[in-house]
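The first chain written gets the first letter, and so on, giving A, B, C and D; residue counts start at 1 in each chain.
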């Protein structure tokens, strides 16, 4: 007898008696033929910003990396375990995905931690401190609350961070080469949890704008 | 004018005119009060195994890490960037999540790569090779295709890997301490993409079983 | 006065006053015309896996060999008594049966003995040890309990053993020749005692799958 | 997609929607607690003489060996594979079964082959010829058709053979010792396929008689 959370089992039953009924053929076909997702989505772990929900995507559409604050680290071909780089490599080289979206969102706890580091690490390992340290030098350049409101600072770093991750993406040789050949497209997006608004990045200027209907 | 993928913009419009209409209040409330997800889900990037879909979860329910093959590396408090460990720490220490699910699935490309490593890495960085190298010594103990079919070997390693990740979870002091105090529950789950079946791990034996209806 | 077990006599009376009333004509006809079973079933002695029960078969349908762990030994045309080979020969050559099913099941005591041989034989003759020795080299390749749970190891060997028996079946010239001519079909099946689920072997891959409804 | 015989799949569905509905608890309990059958039945492969049917037994009651002509070979502790001896040993030593029934039946093809050996073996391996050779010297003592009808000769050898197997059973040390201590009971039975009559052996005289109602 398992002690698996009852709420999840209930949700699974709803899935099976609901959505799965219509999509069972699609699942079976995706199992037999393998996945061929159109987009690699680099998103945040945040429970309020699930990409499949926001983009209304079904099985087989999005290959999704989720880490704290949707960060892409720079290319570092050392001997370490690199969760995000491994997913990138698999998506681009094995699955041949040619659209990448770095998707941030408002009120991101990770960005907040980068902006205003705690005096004490959350745990002795200080993994969040180190992970968000990727943004340290950038965060240091966001003006203080004497200049910008706390909310403005947060949104600013959320967006700077997306551009930062896109720059890091381009340090990966396989991505840079494909993009230079015009066969790879990299996009930025920012989701406002409070209002449901989606903002997408203008590839030329880096600005975040409301997409045209 | 953005070159943001049209299919994603279309999906977003469907979200806004559909699900969001009913859930706008919930999003607004989650923005104001912050997230309080009940479960940390460590899942795979695979486009066919989105946790929110399979467990029919709405905004605010699941804090989701997604990496290739839903792996948890062992506790390594060094100076590196650790995407998964950072998410763990944030979930447990900042969000106070007390249920963790490691969720694997059938036909996982990462597990396949661990089982039968390619002669040539996917790219010079060989990130997938290094990432799945976490399972190398375990994968070496799965019998060859002379004994088990390729599909059986794959399922076996998928499940072994979940137990492996759960063992690694318990190397994190903050998790081990909470579990020993009885205030942290760690679960395993395995989703069969082909049939939609969910199998959950029996915490005592480690076996994967169909949950009782 | 016989000391024949009363429970069996009671069961026989139930058979005569129940099922036999409807099937007496069929028994009489089968006695006069001889049997013409459609399937040779190689099954286990286990009291929980009777083929006639599980496949709801009546008199005249199944020619059934039952030995410990439903094993088929390899073709050995020596001077010994070979219970299983004799039954095979009779089924194929005298009765002209053209469908053979090797039917295993979960929690098989014989397979368990092959997986984890006892230090002491059950009796000085050690017949079980020798009989299950047929699987020794295969069993040695199943990973230890450090990698797979005891239940997973057991299911794995149960299924490997069915494929093994099917391979041995094909070492019998009369079977091999008929199969090559396309007039003999060999099948594998595995019955889950706990749930009643039947899994059948995919002839191409050797995988065990739930039959399509 | 499996090519598993459709008639068997249909029978399985009937089992699942019929008998299994009532007995699912019993199967689950037998899986969890293990089998504890009351009787070891040594029966024939013949499709017309399934013990579970004739004795109306449910799951968990009978541990069943089925070979051609329900023979028990003499105790031979050599290095060979002995299907029947292995099952005996497992039933008596591991399962502690204390009632053994050797069950023969009318119109047995194996007995017929022992009575009137074919000029040519069924196949070059001649497994049936060797297997039924166990009865050769006994069969040679059955009078010719000048004295007894063919049907009388056949029934005679069927019954002689049951007594023969019972004598062989007692060459197994573990059985002989238990029987001498009075804690093992060995029975003979003979089923008339044509009429459905059951005859049981009188332990003292060896005669086959109709059991008292």
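By our rule, contacts are C-beta pairs under 8 Å (C-beta built on N, C-alpha and C of every residue); 3 or more make two chains touch, one makes a residue touch a chain.
Quick caveat, the model's predicted, so the values are computed rather than measured.
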| item | value |
| --- | --- |
| Given chain A and chain B, the chains that contact each of them | none |
Clusters that remain linked by touching, chain B excluded: A | C, D
| item | value |
| --- | --- |
| Most distant chain from chain A, judged by the mean position of its C-alpha atoms | D |
| Where chain B and chain C are represented by their mean Cα positions, the distance between them in whole Å | 40 |
| Inter-chain centre distance, chain A versus chain C - centres from mean C-alpha coordinates, in Å | 53 |
| Distance between chain centroids, defined by C-alpha means - chain C, chain D (Å) | 15 |
| Residue list for chain B, restricted to those that touch at least two other chains | 195 |
| Chain-level touch network, classified as line, ring, star, complete or other | line |
| Chain pairs in mutual contact under the definition given at the outset | A-B, B-C, C-D |
| Chain D residues within the chain C interface of the complex | 1-5, 7-9, 11-12, 14-16, 18-20, 24, 27-28, 30-32, 34-35, 37-39, 45-50, 52-68, 71, 73, 75, 77, 79-91, 93-95, 99, 101, 106-107, 109-110, 113, 122-128, 130-134, 172-174, 185, 187, 189, 193-196, 198, 200-203, 209, 211-213 |
| Complex contact set, residues of chain C against chain B | 138, 141-144, 147-152, 156, 159-160, 195, 205-207, 210 |
